[in-house]
Each structure stands twice: as C-alpha cells, then as structure tokens.
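Naming follows writing order (A, B, C and D), and every chain is counted from residue 1.
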Amino acid sequence: MTEKQPLDRQTMANRLAMEFHDGWVVNLGIGIPTLCSNFVHPDRHVIFQSENGLVNYGPLAERGEEDPNLVNAGGQYVVEMAGMAILDHADSFALIRAGYVDVTVLGAYEVAANGDFANWKVAGAKGGGIGGAMDLAVGAKNVFLALEHTTRDGKPRLLERCALPVTAVGVVKLVATNLGLFEITEQGFLLTEIAPGYTPEDVQAVSGAQLTVSPNLREFRRR
Amino acid sequence: MTEKQPLDRQTMANRLAMEFHDGWVVNLGIGIPTLCSNFVHPDRHVIFQSENGLVNYGPLAERGEEDPNLVNAGGQYVVEMAGMAILDHADSFALIRAGYVDVTVLGAYEVAANGDFANWKVAGAKGGGIGGAMDLAVGAKNVFLALEHTTRDGKPRLLERCALPVTAVGVVKLVATNLGLFEITEQGFLLTEIAPGYTPEDVQAVSGAQLTVSPNLREFRRR
Amino acid sequence: MPDKVYPDFAAAVADIPDGASIMLSGFAGPGTARNLIDALYRQGAKGLTLISNTPGRWQDDRIDSGVLVKEGRVAKIHAAFTASPHPSVPSPFTDLYEAGKIEAELMPQGTLAERIRAAGAGIAAFYTPTGVGTEMADGKETRVFDGREYVLETALHADYAFVRARRADRMGNLQYHRTQRNFGPVMARAAKVTIVEVDEPVVEEGAMDPDHVHTPGIFVDRVVAVPPDGIQEEPPQR
Amino acid sequence: MPDKVYPDFAAAVADIPDGASIMLSGFAGPGTARNLIDALYRQGAKGLTLISNTPGRWQDDRIDSGVLVKEGRVAKIHAAFTASPHPSVPSPFTDLYEAGKIEAELMPQGTLAERIRAAGAGIAAFYTPTGVGTEMADGKETRVFDGREYVLETALHADYAFVRARRADRMGNLQYHRTQRNFGPVMARAAKVTIVEVDEPVVEEGAMDPDHVHTPGIFVDRVVAVPPDGIQEEPPQR
C-alpha cells in the first residue's frame, strides 16, 4: 500500500495549468495560483493578464533586473514580454468583466458544491480584502480554485454551502486541493484525480460535502 | 440715420469668441461656429477640442500640408499644435459629458426664450443628424449659439418655445444672430447689442418671442 | 497561438454570414476600414445590421458603408446621423429610409460611443444626461441622481468590428495615427470578432513600446495589411 | 494660460482644506504620489475622505496613505481592501477600523475603477455584474438584463486627485511608465483638481507624440517634478 502523499503547492498549480488551452488569456491570483506560471506546456502558449493593467507580461524578474514600475497584481516584479501592453485600471477591469479572460485561478477559504466560493473575508472580521476577485469571478470564462483541502485545524473547506460571505455565486468549474482534483458539476463535487496513497473515503472524511467519485478516477496527474 | 447693416457670419462668430476666457476649452460646431477660431484675442489663449478625440488642435491645414488622418469634427483637415493629444471616441465624449468643455458654440434652427434649442431635425423629416450636439449641449459649461435671425423665407428663429424637436432643454446662455447679441435670462431674450442701423423694434418685428432690451444696449461689438 | 495575420481581405471576411451585426469604425474618413467593407461587398452578405457614426456616404470613387446600404444589403443601422450632416453630402441611405426599406436607430454620438464602450466593459446599462427632455429619451427610463435627470441606455454589442489602424504586430496589438483612432478601441472590445486593416506591414511582437499600444492584441482576431494597391485613406479633396 | 507647474509639493497641496475628498492613484507601489502625500501630511489637513485601492500600509521608511490614516487624519476611506491582502502586510488602518474610529466603504476593485471612471465620464450610475449575490449587493438595486443579474453602482467623485506619472509637459499632458498608469488616467478625469508628481523634469509642449499622451493636460491642474532628493518609487526589497 502506497504511503499517503498529499500534493505540494506547485503540483496543485501545475495540474490546473495543464487545463489551459493554447492562446488562453490567464489571470492568476496571489498564492498557489501564481505558481501556475511556472508550468510550461510544450506546445501551448498562454497570455498572462494582471488586473493592474498588464497584458502579456513575462516571468518574475530576476534580482537586479526589476523595473520599480512593473509589477503584477501580487506586487511582484515581472519582466516584459514581446507584445506586452498596458491598460489603465478601468480598461483593465473592462477587459475582465467583458469576458476576455479565459481562466482565472484563485485561492479560496471555502468552495461549495453549487460553485460558490469565498475568499475575501474571514470569520468574525469587520474588514475584508476583495481586490479584483469578484470581478474576475464573474468575468472570466472559467474559474479554477487552488486551496488546501482543510484549514490548519482540520476543518473542511469543501462544503455543501459556504459559511463565509461568498465572492461569487455558482462560478467555480475546477478545484485542485492537496488531496485531489474536483470538477463542479450539476451533482456537486466530482472527484476525478486523487493524491497518491489516498482513497476516496479518506478524502470524503475531510470534506464537508458529499463527493461523487468519477468512474475514471485516477492518480493526480503531474504532467 | 445709419443704413441697416446686418452682421456677417464672421462678425457674429468673432463676437462670441470675445467671450472666451483665457485657458477655456472650446468646442466649435459646423458652420458659423467654426469661424470663431479665426478670432485671435491678443492676451487670451484657448484650447480647441473636437469630439472625434482631438484636444488642443491647430488651425485649418494649408493646402498640401494636410494629414489624411487628422480632421476636426467637421471633417476639415487641421494641423497639429504643440501639446496636442488624441482620445478615442468614448473617452472624448466622457470628457464632454464630465464638464471639461468650457464652451460649445453651435448652430441652430431655432432657439427659445427658455434656453431650449433645436438643431438636429428639420420639419417633416424622418431622419435627423444629432452627431455630438446633444452631448455638447448638456456637457459644456456654456452653450452659445450662432444663427441667422430668420429663416430664408423670413420666419423667426427666436421663439417663445421651439417648434422643432429640441436638442437640449434650458441650456443656452448667449445667442449671436445677424441682427444682434442676446443673453438668455430668467426673463427670456435680453437684447444687449444690436446691428448698425437697426432699432429694437426692427429686431422685435422679426422675432417670435418677446425681447427685453438691455438698458445698456449698444452697437454690436466688433473687437 | 492562432495566427491572426490573414493574407487578404477576402479571407478575413469570408465567414461573415447573412444577418450579421457589424461595427464600423471611422469618423469623417479616418479610421474607416474601406478595404474590409469592399471585401464584404464582394463577398455578398446581406440582411446586415451596421453600427457606425453615419449610414455612410458613397461616391463612385470612394468605398464606405454606403456601398452596402445602396445595394440593399443592410437591414438596420444604429447611428448618430439618419440624415446627412450637410445637404451637400450624398447618402444612399436617405431614400431607402424614407421609403421604409431600412430600419434605423438614431442616437447621440456620445451615447453611441458609450453604449459600445459598455458592451466591451461588461456593463449592461448606464445613466447618461444626454438626450434628457428630447425625443431621444422617449419611451426610455429616466431617473434623478443628485438633482439631475439622466436617461438609461443599454450596451450595444456586435458580432464583428471592422477597424483601421496605422500599425499592428503579429499578436494584434494596434497603434492608431491621430484621429484615425476614433471608434477603433471601443469597437475592438465590444465585438465578438474584430478584424483590422492596417496602413503598414505587420511588425513582429516587441516592435511597439508597451506603453504606446492603443488596443491590446487580445481584442483583435484578424489583421490584414493594406497593400500598396489597396484603398488608402481618402486624400484631401482639391 | 494659467501656469500649471508648481515649484514644490507644499505649494501644490497648500489649499487643501479639512474634510476634502482625495483620490490616490497607486497599485502595489507604482503610481503612488508619495511626495504629495508627504506634503499633505506636513500641511496638516484632517477629516479627509480617501479613495484608493487600499487604505495604505505604512512602514517607517515608506510614505503612502497609511501615514495619514495612522495619524487619525482620515475620516473615511473607499477601497477594495479593508483588511490587509496579506497578514504580512501591516496596515495602520485595521486597528482604527476595528475600533470604529474610521469609516470605510469596501467594494470590488473593478467597481471602484468603474465608479471613478463614471465620475470622469459624466455617467451617474451603471449596472455591473460584479458582486451580485454577495454582501456587496446588499441594499443595492439589482436588475436583470438579457437574463443576467446586475447591480447598480453610482459615480464616485472627489475634490482632488494625487497622481504619479513618468513625464509631463507644461500643459499637463502626461505619460505613465508601465504599471505606474493604473488609476491615474481615471482619477485625473474624476477629480475637480488633479495634482501630479512626475519622475522627470517637466518638458515643453510638443515634446510628446500626440498619439502617446495618456492623460491630456485639460484634466491636469498642477504638476510638480520630483527632485533628485525627492521620494522615488519604492525599490525592490532585497
């Protein structure tokens, strides 16, 4: 019997990046999603877009080659890419709301079986941090999430309904956690790929929603 | 007794241009209003704006120096001015609606004592030509009109209420015709300057609204 | 990545079906995609809906939307003019319109631009002060904000946009020259498929300063460079 | 023509009264008018309303809106964050907000940008799909267009805007460098008085290609060039 091997953050990000189509416009949130840009598909090229007005930017800047005025939405210094373009903030969010982003990958505190998710406010807080997430969630053609399967104290993040205030309603299509890959369907969470050494029962035990197991369940793809 | 001398179009335009303040952003309609740009005030500089995205453009282009892609809203070739800027059409009308135009000078078929005017549709026509007039009329801080005092068959154009479909409601402040200069006040048309040889009674006789005569009535200013 | 550079105008408009809605950039000449309009004329599509500043003028030696209108290929037009701005400017539209053979929606030019902008910005509708108290507000919802009255206008979408620019790179990034820009940037964002003709040969990615790209390539689907024997911008009339 | 070039930051902010509303450009550093914020801090105005992406962070060595917040000079803030985006990023705002000593209106960043854009476009309100079904739509009017639900949002105006750009000419025409642009163009149009600090010495009119002016000077009221010993954009942290 294989030892249980939860997936690391880069593996989760890579798996979602494998779903990017050639030519897609991709927006990556802060945290695990940012790691998607490290995955380079051999025969597909994607365009990275950042809500602070960057279209078609390059990888993170190496030390010493940063331009102080060229950052992504996470405030990280990035480098230029041939064919890059700059927009002001209103035009950048116009682009997002109008559906020109093919996929946004976001982090989340919770995701629900009905496609709702929550990522802007923690329990009991007066304030929140929305940033561009609500616009991306309603504007992007596909919303993918990358999150740890449970909270630090072991509570499930995959739920029947979100307990926290939601970021958007019914938009999530695909979720990668450290335990597996889940499509959100009419029937809720569909477990399609699973971390090595785990059984569907293991994953169900730490989930707050009923999972459906794909008849084609396979080990989590790494390439 | 002075011979009656109706004002020519350039004189009407000049008179309105004398009201431009230093630094004003000025938008000129097709026809008589365009002639305002020929008036150069010795110690005031204005910025001409055109609704097709031109900010701070120069005079009409001389023959041979036209740029086929540089026209004003009347489709006339103009020359560049140091400090010129270009906007797209949405941004250009954003500028207009947001109140950055200090004055627009427009032509009109009719103007009413309540500040309404009509310049986009003739009687009996199915179609009309609005162009940028409605946006300018509600957006500009000042709306000035330049028009002949009567139609070709002698009917008045200064009326108690517009008969034609209006372009905007209650916006006109100042009107120059070939017979005089009129402020629009709470009491309606106030005749402040008059063409040489005309009496207020002469002007009233060809007007369709009751005129008030300014106690300071003077001959139409030419400089 | 799909190649956006098309070999000729015919290929760039080949798939446009009867009944398509098409935004046409251009104001008083500059920005008008005359080569694409000419190609569409030859292609034969009919029952079209056009969205443009005017219904076009058409003189024998110049191609613009009027050539489609005149041939009865246009079912409806959304424009800021349904009469010639000048009696001296011929419009093949007028006779058809008076005869009820073509539909038209007339609106203020700023409303036209903003409705197109809204479509490309994911905004469904907006309140504008323009047209309040005029026929343009007839039958529309009005509402007072901070003591001023506004009229509700909705986004205007289209299947295609025809745009003319000065320069494009292989990714479809565009630069316009002077008042050629006009409706180009907003139409490119509002249409499902944006087709662009450019004055100059297509350049490689990286040839434009990113600060000076007017329309990012993600809004552009097809690009054709106007050849030396193509239709150039209308020269000044002498 | 009034001279828009001011000799120093103190002069450029001297007339800002208590209770003024101020838009602050800047996103994650670039575009933040740190010298103007610093001058306003020294000037002493209080009871301010700020409109900016975040309520600022403030570390001893960096000036941003947080320095005004921390000193209790801000009565209200409109922002896309009322909590730190990262627990690692300090915000002087949080304690005051939790204690009820500062008001805040939280909204999605695209709604913030579009509300500012609307103010500078003469649009009173618009329907956006963002925030539907969330707390952000609580108490707001929603409406269905073409089968999709939208929420009504209104224009957001201000008395002043503080913007940082790369270059200005004497008429106030601006160019931004890369993501320094962010909120600059829309805030410059939405505020009654726009004050700009620029990286480079002010140039003469005519030094910029008209096609590459990002913000026309008619939206700009005051310009100050950042001197060599002024506050430069935050260098990368090592």
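Everything that follows uses one rule, which is that contacts are C-beta pairs under 8 Å (C-beta built on N, C-alpha and C of every residue); 3 or more make two chains touch, one makes a residue touch a chain.
None of these values were measured; they are calculated from a predicted model.
S.K.: Determine the set of chains touching subunit A that also touch subunit D.
M.R.: Common neighbours, subunit A/subunit D: C.
S.K.: Counting C-beta pairs in contact, does B-C beat B-D or the other way around?
M.R.: B-C
S.K.: Using C-alpha centroids, which chain lies at the maximum separation from subunit C?
M.R.: Here the answer is chain A, farthest from subunit C.
S.K.: Taking the mean of the C-alpha atoms as each chain's centre, how many Å separate subunit B from subunit C?
M.R.: Whole-Å distance between the two chain centres: 29.
S.K.: So how far apart, in whole Å, are subunit C and subunit D when each is placed at the average of its C-alpha atoms?
M.R.: About 34 Å separates the centre of subunit C from that of subunit D.
S.K.: Using the average of all C-alpha atoms in each chain as its centre, how far is it in Å between subunit A and subunit B?
M.R.: So the centroids are 57 Å from each other.
S.K.: How many angstrom lie between the CA centroids of subunit B and subunit D, rounded to a whole number?
M.R.: 37
S.K.: Indicate the residues of subunit C shared as contacts by at least two other chains.
M.R.: Within subunit C, residues 114, 117, 121-123, 128-129, 176-178, 181, 210-211, 214 contact more than one other chain.
S.K.: Scan subunit A for residues touching two or more other chains and write them down.
M.R.: Subunit A, residues with two or more chain partners: 86-87, 90, 93-94, 96-97, 139.
S.K.: Draw the chains as points, connect those that touch, then say whether the picture is a line, ring, star, complete or other.
M.R.: Here the contact pattern is something else, fitting no line, ring, star or complete shape.
S.K.: Considering every pair of chains, which are in touch?
M.R.: Here the touching chain pairs work out to A-C, A-D, B-C, B-D, C-D.
S.K.: Under the touch definition given earlier, write down the residues of subunit D that touch subunit B in their complex.
M.R.: 1-2, 117, 119-123, 169-171, 173, 189-190, 204-206, 210-211, 213, 216-219
S.K.: In the complex, go through subunit A and note every residue touching subunit D.
M.R.: 30, 51-54, 61, 63, 66-71, 73-75, 77, 86-90, 92-94, 96-97, 121-122, 125-135, 138-139, 165-169
S.K.: Which residues of subunit C touch subunit D in the complex?
M.R.: It comes out as residues 114, 118, 121-129, 143, 145-146, 148, 150, 154-155, 175-178, 181, 209-212, 214.
S.K.: Across the complex, what residues on subunit B touch subunit D?
M.R.: 22-23, 25, 45, 47, 49, 55-56, 80, 82-87, 90, 93-100, 139
S.K.: Provide the residue numbers of subunit C that touch subunit B in the complex, in ascending order.
M.R.: It is residues 27-31, 80-86, 94, 97-98, 104, 106-111, 113-114, 116-117, 128-136, 166, 176-186, 214, 232-236, 238 of subunit C that touch subunit B.
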